[in-house]
Amino acid sequence: MKDHNYIPQKAKVVERESLSPDCLGLKIRFPKNYQFNFHPGQFVMVSVPGFSEVPIGITTAPDKNDFEIGVRSAGTVTKKIVSLMVGDDIYINGPFGNGFPLQKMKGKNIVIIAAGIGIFPLRSLIRYLGNNKKIFKSLTIFVGSKCPESLIYKKEYKEWEKFAKVYTTVDSCGPTWDGCIGNITTLFDKNKINKGSLMIACGPPIIYKSIINRYVGKSIAENDLYFMLERKMKCGVGKCQHCTCGELYVCTDGPVFSYDQIKYNTEALS
Amino acid sequence: MNKVKIAIFDLTDCEGCELQFIALREKLLKRGNDFEITNWRLANEINSNGPFDVTFIEGSPIAETDIETLKQARKMSKIIITLGACADLGGMQSALLEKKRERDLLEVYGPKYKTNSLPPKPVSYYVDVDLHLPGCPVNEEELERLLSSLFIGKKFSPKNHSVCLDCKVAGNPCLFLDEGFCLGPVTRGGCKAPCPANGIRCFGCFGPIEAANLPALKSAGEKHNSVENIDNTLSLFFSKQDVYKEYKISQKKGKNVS
Amino acid sequence: MSHNTLSQFISKIEGHGKLKYNIAESCVSVNIDEGERLFERLVIGRSYTELAFITARICGVCPTAHAIAATRAIEDAFGVDLNDKINSLRYAIEAGQIIQSHALHLFFLALPDYIKVQNGLELHEKDPGLFKIASELKSAGDEVIKVIGGRAIHPLTPTVGGFTKVPTKKEIEKLIIKIRSAQRLAIETLEIFAGLKYPHLNKKEEYFSLTKNGFVDILGDKLMSTEGVESDVKSYQYVIKEIVKKNCTAKHALHDGHGFIVGATARVNLMSEDDFNPKTQKALKMLKIKLPITNSFKNNLAQAIEILHFCEEIEKQLTSFIWSKDERTKVGYKIKAGVGVGATEAPRGTLFHMYEFDEKGIVINCDIITPTVQNLTSLEDDANEYLKQNKSVSIPRRQKELEMLIRAYDPCITCSVH
Amino acid sequence: MAKVIFENNLKELALSLSKDAKVFAPVKTHPNSTYSQYSFVEFSKEMELVIDYPTTNLPPKEFLLPPKDILFTYSNGQSQSPVIEKKVIFGLSYEDLYGVEKLTKLFSSPIKDDHFLEIKDSTLIIGADHFSPPKSLNFDLYLQKINSEIYVGHAGTKKGSQILKNSLFKNQEIKIPKVSKKKDLLLSNPDLPKIIMKSKDHPVWNDLAKICLGCGICSYVCPLCYCFEIDDEIDITKDDICSTKCRTWDSCMLNSFAETNAGNFRGELSERIYNWYFHKFVRMPKEYGFSGCVDCNRCVIFCPAKINYRNTLMRLVKDWESKNERS
């Protein structure tokens, strides 16, 4: 039983899969009668007893009893999470955050930009759109990564290509890579996008700057451009203050923000 | 499960920090199945030459044998943890100016004396350090936190707040206000503020907090203290720290300007 | 780098020393391998207010002794008179220091040799009862320092003119109860150490201790020896001379060109039977312990005697602290230029601090002589004497017993190189 | 008819309440200190109550949002929330009462913090000051000081009226004066949020960053600073993982506060100082409709650099006004 909002729900790791040298995918299942509903783009607070909690995006669409997460080993807690085995307990609190603007996607050309582990939460959206192909007009996915080995979910590109155009690029590579080389902006140069598209990006803040320079005021409207922000978080419910950007809380107002929401917010896009 | 093999080496220092292990004795005995101390000169009759899973280094490397021990310990250990201010910061002894060491030795030992030692440095000057446990001496509870983290494989990090949090929570009167100076505001906390609790100002033994603002400390302290006294106190534990060196440089520049 | 770099030093003593035993010539020496921290230089140019804090860190085993010696030296220089209340509390914390250090040494460093265990952990496994005595006695010593000094290692409260903070009456009363129950453990400890079989060694030595009005006193003002030397603490430099030895970072102290002994044995030997506290007297009689002690191995026995004696003493001093009429626990003073000498009986013997101050209380000169420096000469002499007197003992046994002898001295090499 | 209690009976009142709960009351704990003489401590009979405290070391949030608070414990695969003990905070000043009121609101919406509210619900709030009782009735009981001897009791809740039945309160005909706190023109300036919002580039932040030590004291002593850290503590003596989820005080003045993989979002002290003001005077007003300051003056008293937020605000307001006049 959950008796106050900081007590997480116990769940189990039912599958685990290495996604890249330092990333792991986990499938998580709650006990039978536990209700867990979420929107694509929301995140959960994940904890293991003895270790603290960390915010982690959900990577699947809300269509099954289980859900998946992808975790990069970055520090204390994430290192522990990636060491979990099938059958281990894992503790989940949430879901938290606003999620993607699904309503606005109706009939639109959608562009998804994922750099590095930014693909984790966006995969939830891709899968959702894959399940609901009728609602949007077209889907373009730009994926960038350091090297071919750290291109996460590449196995699924085939599946995605059934309903989307997928373009990938890597910063550097060995001889076996025959795709595009260069950072993610290289893809912007090579592939024209439709004017009036809805664009959603997740990755390190630096790419947001190039996206703004490139598209705002040209092909994308300010309120059609969405960024996911990443901040330190301790509570997930708008109390601890770690995730604030000016007036906004990444945990409750975000993590998905439209550009016009944050363009004057000096802390959001710093 | 294999027992974690722990080694504890003391270089040149007062050996106070390692006594904190003895202070934890009953608690540690409960975990007898999880670890064994295979090298501890102070407490073991027979000591292994390694390899070790976790090695604590106490003291600052000064004597030739200290540096030997240190390098050999690094080779034989998976994790090196500095135990206390001497290992972590170079200790108070490192406050003496290196270029005056020869003269200092002459003053104490006379002209015929030859030394085999080098000026005191933090351990990290010679070898890579994986974790730091600050303090002079290390705080018992923090050592306990470190060990319990170690046993479950959680990364330990020292506290990030200033001593003032510990101090306020303990309900101590603030000595910065009452007596005009204290290093608490720029010193890493976790110690539980025993010094202010007992009426003496913080000497900074946990080392500087991240982004310690020493010039601001100086201007706040200057009203009731000579800059010389402030510098003296700061030098005790901070002398080998980058913030302190930067502060000294900015001081010099400031003087030249005025 | 040799493979045994990590186990080259004599184990279970404070600090780094190597035993050099030349079997062919049947002689030994102790090499000291401790880096010079140069505390005597570190304090130069610093304010007197920092001295107790800094010098305590010379030694983590007897920091209280250093803090008190430094404080007494400053008080000597400034001409500060303390009241009885302050003196009682000082006495109690210094005695607590002796108990804390002796208990650590006796049970965790020395005793394992006699009962053939490797370390404290094994002691716990093989003889939990004994371990419990050790643990409780140690924690009684810790508690005295914690309650009076603010924490168990590197105490905080001793300051020029008294204490920055004193415990409440309630806290003292609790401490008295704890120290009273420690007395029972101290008696058991004394029984254990009176019953040990010590290796053979018999050598006449000169023993020194601090005294006051002719009695051994850990906060005394006169130096006295078993050979009739008597001198004011202030002129310690005429009685005790430090020499520098080649390749040795610790100095050696001599009196009149020869070695001498300070510490538990010295204090006990300078006391007459009725100088001991009642329970100690009774125990000495009951256990038929003969004084003076002339076998340096039996320094451990002397330490055990002292634990009991000082447990009683602490109770006495704390009681008089509570009942004393004086109000102040810190007296005022004026900073003065001049020289001050402060001494105290540290666990291992007489500890001297000397400072010279300018008119602002800034240190311009400093000299510190630690107990181990005073014992080093005798330690080596004793070791060689042991070899002479124990020719029939097997070589490995001799090697082992030599280490035990060194341990019996409880040298603090850490202190000796400061 | 008013319920009246004499000043020399207040101590007895506090002690009578301590029968069923821990009573925390202001006491002169450090008479020799110039700045930090008073603290709220667990009250017992050998202590002297100081009902007119000028200020205390820590604000009453120390009991509602304790510096280290156990959210729940975990052992043998089970989570368990702690038993919350009953408390009384006795003798809160007018400002501190408002501090408690605002803090409670902060933890009540938009998302409820169940744990905080549980603590608040098991705490009895008893105010004492010479002003007329706050209109919001943010107390269980309020003791209005009429003169140096007499206090009149006002109940804010049922629990409060229960206490008024104590025989220490006498029924007495008495004229209760209307005393209201003077309006704080600086803090109630309606433009304040806007002014601060638009002042990120004002030189004041860099000026402050030159003298601020970044110690965080101003957060710890503020009745309305509530940012926190959460971590698990582990019990070393247990083989099985037995952990305690602890909430501890944090401060946005500390360098690591907004540090992430992607960099430190407030890596400059000037940015952190700006955020401190921004939270109190922009974010909080926007979120809750009130400012994050009740003018208790603690951050001014206890700042080692003697930084006074009022001077900062006044400078900003002045510069804003003169800029607007010009344009």
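Worth pointing out:
Letters A, B, C and D name the chains as they come in the text, with residue numbers starting at 1 for each one.
The working rule: contacts are C-beta pairs under 8 Å (C-beta built on N, C-alpha and C of every residue); 3 or more make two chains touch, one makes a residue touch a chain.
None of the values given here were measured: they were computed from a predicted structure.
In this view the innermost chain, defined by its CA centroid being closest to the centroid of all protein CA atoms, is B.
In terms of C-beta pairs in contact, the better-connected of the chain pairs B-D and A-B is B-D.
Subunit A and subunit C have CA centres that are 65 Å apart. Between subunit C and subunit D, the centres computed from C-alpha atoms are 50 Å apart. In terms of their C-alpha centroids, the spacing between subunit B and subunit D amounts to 36 Å. In this assembly, the C-alpha centroid of subunit A lies 42 Å from the C-alpha centroid of subunit B. Looking at subunit D, residues 234, 241, 250 sit in touch with two or more other chains. With touch defined as above, subunit C holds no residue shared between interfaces to two or more other chains. Looking at subunit B, one finds that residues 152, 154 touch two or more other chains.
A complete list of chain pairs in contact reads A-B, A-D, B-C, B-D. Chain contact summary for the complex, subunit A toward subunit D: residues 3-8, 10, 47, 49-53, 74, 89, 204-205, 230-232, 234-235, 237-242, 244-247, 252, 266-267, 270. Against subunit C, the residues of subunit B that register as touching in their complex are 7, 9-20, 22-23, 25-26, 29, 32, 37, 39-50, 60-63, 65-66, 68-69, 71-73, 76, 91-93, 95-96, 101, 104-105, 107-110, 112-117, 120, 136-137, 194-195, 197-200, 203, 229, 232-233, 236. Partner subunit D is touched in their complex by these residues of subunit B: 24, 27-28, 30-31, 33-34, 144-145, 147-149, 151-152, 154, 160-162, 164-165, 168-169, 171-174, 176-178, 182, 184-186, 209-213, 215-217, 219-220. Subunit D makes touch with subunit A in their complex at residues 71-72, 74, 77, 79, 81, 106-107, 110-115, 118, 200, 226-232, 234, 241, 243, 245, 247, 250, 252, 257-263, 265-266, 271, 275, 278-279, 282-283, 286-287. Partner subunit B is touched in their complex by these residues of subunit D: 29-30, 32-37, 39, 41, 57-58, 67-68, 209-217, 220-221, 233-237, 239, 241, 249-251, 254-256, 269, 301-302, 304-306.
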